[in-house]
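One chain, chain A, appears in both complexes that follow, with chain B as partner in the first and chain C in the second.
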Partner chain A sequence: MIATPDINWIAILPELVLALGAVGVLLVDVQWKPATRVLGAIAAFTLVFAIAFTFLQWAQARDALEFGAPGELVAFSGMVLMDGFAVFGRFVLLVMAGLGLLAGWRLFESLNRRGAEAIALVLLATTGFSIMVASNNLVMMFLGLEIGSISLYVLAGLTREKAKADEAAMKYFLLGSFASAIFVYGVALLYAGTGQLEILAIRQFFTDFIVTRPAVILIGLALIIVGLGFKVSAAPFHSWAPDVYQGAPAGVVGYMAAMAKIAGFLAIARILLTGVPQLDNSWLPVIAGLSALSMLVGSIVALVQSDIRRMLAYSGVAHAGFIMTGIVGGATTGMLFYVAAYALQLIGAFAVVAVVSGAGSSESSISEYRGLARRSPALATAFAVLLLGMAGLPLTSGFIAKFGVFTEAWANGYGWLVIVAVLASVIAFAFYLRVIVAMYMDETEEERILVSPPARWVLAIAVVGTILAGVLPAPLIDLAANAFPL
Partner chain B sequence: MIVGAGLYMALAAALFLIGALGLLLRRNALVMFMCIELMLNAVNLTLISAGRALNDLNGQVAVFFVLVVAAAEVVVGLAIIVAIFRRRATASVDELSELRG
Partner chain C sequence: MLSWLIVLPVIAAASVAFAPRRLKELHLPLGIALSVLPLALAGYIFWVFEPVAGYQFVQEAVWYEPWGISWSLGIDGISMPMVLLTTILVPIALAASTSITRRTKEFVVYVLLLEAGMIGVFLALDVFLFFVFFEAILIPMYFIIGIWGSDRRVYAAMKFFIFTAFGSALLLAGIIALAVTHAEQFGSPSFALSDLMDVQLSIGAERWLFAAFALAFAIKVPLFPVHTWLPDAHTEAPTAGSVLLAAVLLKLGTYGLLRFNLSLFPEASVDAAWIMGILAVVGIIYGAVVAIVQPDLKRLVAYSSVSHLGFIVLGTFALTSGGLQGAVIQNVNHGLITGALFLLVGMIYERRHTKQISEFGGLQKVMPIFAGFFLFMVFASIGLPGLSGFVGEFLILIGSYATLPILTIIAAAGVVLAAIYLLWAYERVFTGVPDKEENKLLSDLSIREISLLAPLAILILVIGLYPNVLLDKIAPSTEAVLDRIESQTEFVIPEPGRLGDVFIAGDNE
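And now, the complex of A and B:
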């Protein structure tokens, strides 16, 4: 008698819906060649359904924990988890995918027949990253990472007729695949050392056995950290990010950056905090070092950038460092809050870039932002709020996020890291303020800018979210605190 | 003579290093791409020999997934390289230097 595998479809419902939606978009496009907005409507329905299913999963996850049956959250023979951590990550990814579609809408429309591919790729990348944050099996995580990353390589080269987009796609592809190969080699070594591919089983392995010769395991773990460090553009593995952000079409950069960062950090946190917490003597100093380096390199190099996208890329490197202080803190609450808040600001900021320089454009000099407050006061205000949020001004989500991860790291005995982090935040203010000063203090002769309705929605949601999470952070913090990994 | 899993894994490590160094040192996009494939195959060899040594099927099955991913990467990677080659008639990454700051 063959045992039937336990299949709990609810655990992967959002991914199922997303994948079906992506295929649906392509099929509808081939069969009826509808206007791009019809395909956009299909994608929107897909995302709404997927988000609705995450609420269902959240309720089930709460129930299972309440009745003391966490085993019910392990689905498909240990391949996928449906714990709060996965569901929270999924929810954030799906919301960002929706905002990403809106922010890139002008670009997708301008691609004519290729708009369908772009929309399908956005849904597919979301599917991949969403399965990545939910996976318990490391090979599954690799699959999710690659489904997402390969879709992003194509998105980066969406406007390949413009030389800079194909260069961005090439760089992203080569370094991204390099990172994936490093990650999966780390998985293979971890498997060779422990005989397990499942993260929960690896934790059990370390509880059951005392490893006397951990060299292979530690090398494997180091390679996993390097591989994922590339994906989230943590220093010193960040060299691809400025070039890719600069060259890729403005409409999708925010989406690309936000998705890779959310999924990458959740994967790092899951592997380190739930897989190998017993080895924290080995990995905590490494993550702390990467974190300090990222914050300093990101903040200092961002000061001298003349292209706003490169500046945002280096600020992303610094933010990667800040988020890693949350992992150093050994808890996920602050990190989850930070990831959600930062992803929203990032998509909003790149939506502004897409409006100012054009959705399909490559490169956006900071000088384009001179006098933006006169060309479009609303746009300049939105951008200023988002930049101040990234800088971590009080009353914005960035402040609460930074405060959260810093307290966690401090409580875990990493005071020096918090001091470096505060120093880096102060440096970071300088380059954010530089843009704001250019927008408000400089004069310009350029004509007014009209913001398209989809971009207006993205900016409104990003700004309201940034301020709301800064003034009334309690609900989101509660949510993040309940979203601990199994 | 019986060759143990350890030796296979050492060979895999050597292949992986050759691939990584090739990617970092070579300047032709196609060759760099082949180096990534080499790295993925080193991963496969590691997974197979570890799975065999542990007498565990998971490692061997994982190889299929890595193979599929490698194939998907080939599709996208070659398409990007061809797109670059059409525009610039070169596959050298040194020519790709418009993005800098």
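And now, the complex of A and C:
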């Protein structure tokens, strides 16, 4: 009998469940060809189980830290971590996946037999990104990144009859693979420089040795930042985002954008803050520069967009900049809070787009939102709350999020970045308000809009979450503060 | 108890929001009735308010411990008059809005939420909480201007929002900087005003922070040269919006300067007093001169606000007893007087659908009651002795002369200019014979309209004749501000700048 290594299976339970769920959806579809509703139920069960397992992981992570045995959180010979950071990331990813399924429901149903593929892809993408946030090994991280990204490329082209969607998927795929390649090259150089692939081992390397010629390592890091910067659409690597957000079917854009941002930022934070904190003299200014550039480019270019999706894409660039101020702050609490709050707002906002323009649509001009307050007051209110949340108005989660990352950055000596950030927020107000002007201050005679029940759920959760986390932020901040990486 | 002042308007807003849609015509009366509750509470607080320094009715609840933010409220002689003013004007502004027939429910909800926010700003003792309210009130005001305003409402609303958001962005950066410094010096972050006062700042840092705070508040006041949003916002806003904007929202700026800049950055305040004084005086003269040539009655009143608020800033940075007391009481006076003037302009606009001065003439004959109220408010605004405007401006001028004599002399010219633009406007609108056909058929004020203006007129008269009703309660708090400045800096207020140095109106018992 072969001796089985002692494996902590709990460390990858959520991913296992997700992968099985995805396979299950496909098999059930092939065998019985059930209604999309049945497949949705399977996916929902999968997510519920996966989320339940994250609670288990959270408890274990707390225990291990309490008893001073953080080593127990490193599983699969150093491949995967089960620290609070990973568990928090997974939890947010899973919740967003659930909301993404609800938001895209109309689209999945309208695809008939292809609905199964779409649902399976959502689960697979979640699996990939979930592996990514939990990985300790850079190759493992790359695998997760690719599983997630490739699923997203396909999701972007779900409505392949539409030329726009095709174009978006192709563009996303080409540029995305290019970025992945750059990331891998960076990993290779980092390995060449340190002889390590595990992030914790890289940190140890810098504690044990003094690197006199870090050029290779720095080039490697730079390439990693470029690769991941692309995934989170930080300027100047953002050029794909507006086209993809605009062309991809409205039902899945929110999910795509949110997933890539969550996983990308958690990966950046893990590599920089736990892997190479000793090199922060080198990378802090770079991240600060990217952050300032993203905020300014995103906010300013968003001002002149006439398509709401392009506007949200550029606002996403700006948000990438805001989130990076948290990394510049050298702490993960504010960043985690920001990522969670923003992902929720993003999915909610695109759920509105999917309702107003149609779930399978490509392109949505701001003029479609004229008089929305009349045509569907509840929808307009929800959208207004989400937009103001993104703008960072007090009493929404967006304000607390911004306040958190700005404070961290200021405390870490990056006052100038905070000043750039607050000014960029003012510019951002202008384009969020444009949509509100269209909804509340323009009149139109168009017919009422009906909101489907799944979209209603998404919006209710997003709006309540945005306001609740803005008024009573304590539980979520505490959670984020406890979710520090090993 | 103070929390109720904020919660009551929110409850009122919620009740209106959930009122049945079919009872459309009851939404406004319901809002008015419910907005009397905060007024009653504010009145009670005024009644039991002790004339001593320090905060009263303090309430504190931790909001989020690790960040050091808390829901902490308190009221002192500087904020009490403002709270009272807010609660008085909201029911009046609502009752003046019967001409709003479109989307009434939303309108009432926004006004009530605005009230909650404004009261919150005046009561907050935690800078974070203050900022939350300060920024949150932008939204209801934005909607009030943008939905129910006149032709260029969207432009005006946007301008209003972006200008003030720009100011508050730097304010936010300043608040963060201050709190981070506190955390470095005391080990834990705190946003409580009393804690932040203990922070030791280098003079350079203090000046930068002073500038950040001052810019935010200067935009709100608005001080020259960042005043350009005001005429647009005022002119386009509906009557209730203009009234609340002029009477209360602008006071957030003067209140902020007095409460935060003077207390948190005493050294920089002393250093920058002359700069703020010059800007204030430029505003006084500029606002008055521009007001003279306005063809639009509402714009004229708007520019008169720029001029009058210059006096308040001048008094604040005079750093004398008279100046500060005058600033606080003038906050109230300007709110009452300009609020009333905007109401009057709104009433004539509802009848004639124009605000152009040249369209009127000889209204005295047609609408004697209206003309009477208008003249009363004009005199109050000019500062006729016996009316409240006189008390405020006199205190400010006498107080400022001790420290900023030259500026005070120039500022005094603003009083004369005020007489010119207001009386000239009165002459063109009301005197002579009504020559236009439309003007001959105008109806005079109804009982409802008189009952809106009468309380304001009575308050103006009461404060004018017996200012101690307010000054007794204001003085201890403003003296405390000055004591702090004198103890923290080398600055000694020259005689006769302090209370007791000289005969000062309101202190002559």
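FYI, the second predicted complex is superposed on the first by the 480 of 486 C-alpha atoms of A that agree within 3 Å, B and C clash if a C-alpha of one lies under 4 Å from a C-alpha of the other, contacts with A are read in each partner's own complex, and residues count from 1 in each chain.
By definition in this document, a residue touches a chain if its C-beta (ideal position, glycine included) is under 8 Å from a C-beta of that chain, and two chains touch if they have at least 3 such contacts.
These numbers come from a predicted model, not from an experiment.
By the touch criterion defined above, A:Ser291 lies against neither chain B nor chain C after alignment on the C-alpha atoms of chain A.
Shared-chain residue A:Trp410: touches chain C; no touch with chain B. Set side by side, chain B and chain C differ in how many residues of chain A they touch, and the one touching more is B. Touch criterion not met for A:Thr325: it reaches neither chain B nor chain C. Of the two partner chains placed around the shared chain by superposition, chain C is the only one that A:Val426 touches, whereas chain B remains out of contact.
In the superposition on chain A, contact is made by A:Phe178 with chain B only, not with chain C.
Those residues of chain A that touch chain B in the complex are listed here as 139, 142-143, 146, 150, 153-154, 157, 160, 163-164, 166-171, 173-174, 177-178, 180-182, 184-185, 187-189, 191-192, 195, 197, 242-243, 246-247, 305-307, 310, 362-363. By the touch criterion given at the top, residues 9, 16, 19-20, 23, 29, 32-33, 36, 39-40, 42-43, 46-47, 49-51, 53-54, 56, 58-59, 62, 65-66, 69, 72-73, 76-77, 80-81, 83-84, 87-88, 93, 96, 98-101 of chain B touch chain A in their complex. On chain A, the positions that touch chain C within their shared complex are 388, 393-395, 399, 403, 406-407, 410-411, 415, 418-419, 422-423, 425-426, 429-430, 433, 437, 440-441, 473-474, 477-478, 481.
Of all residues in chain C, only 63-67, 131-133, 135-136, 138-139, 142-143, 146-147, 153-154, 157-158, 161-162, 165-166, 169-170, 172-173, 176-177, 179-180, 183-184, 189 touch chain A in the complex they form.
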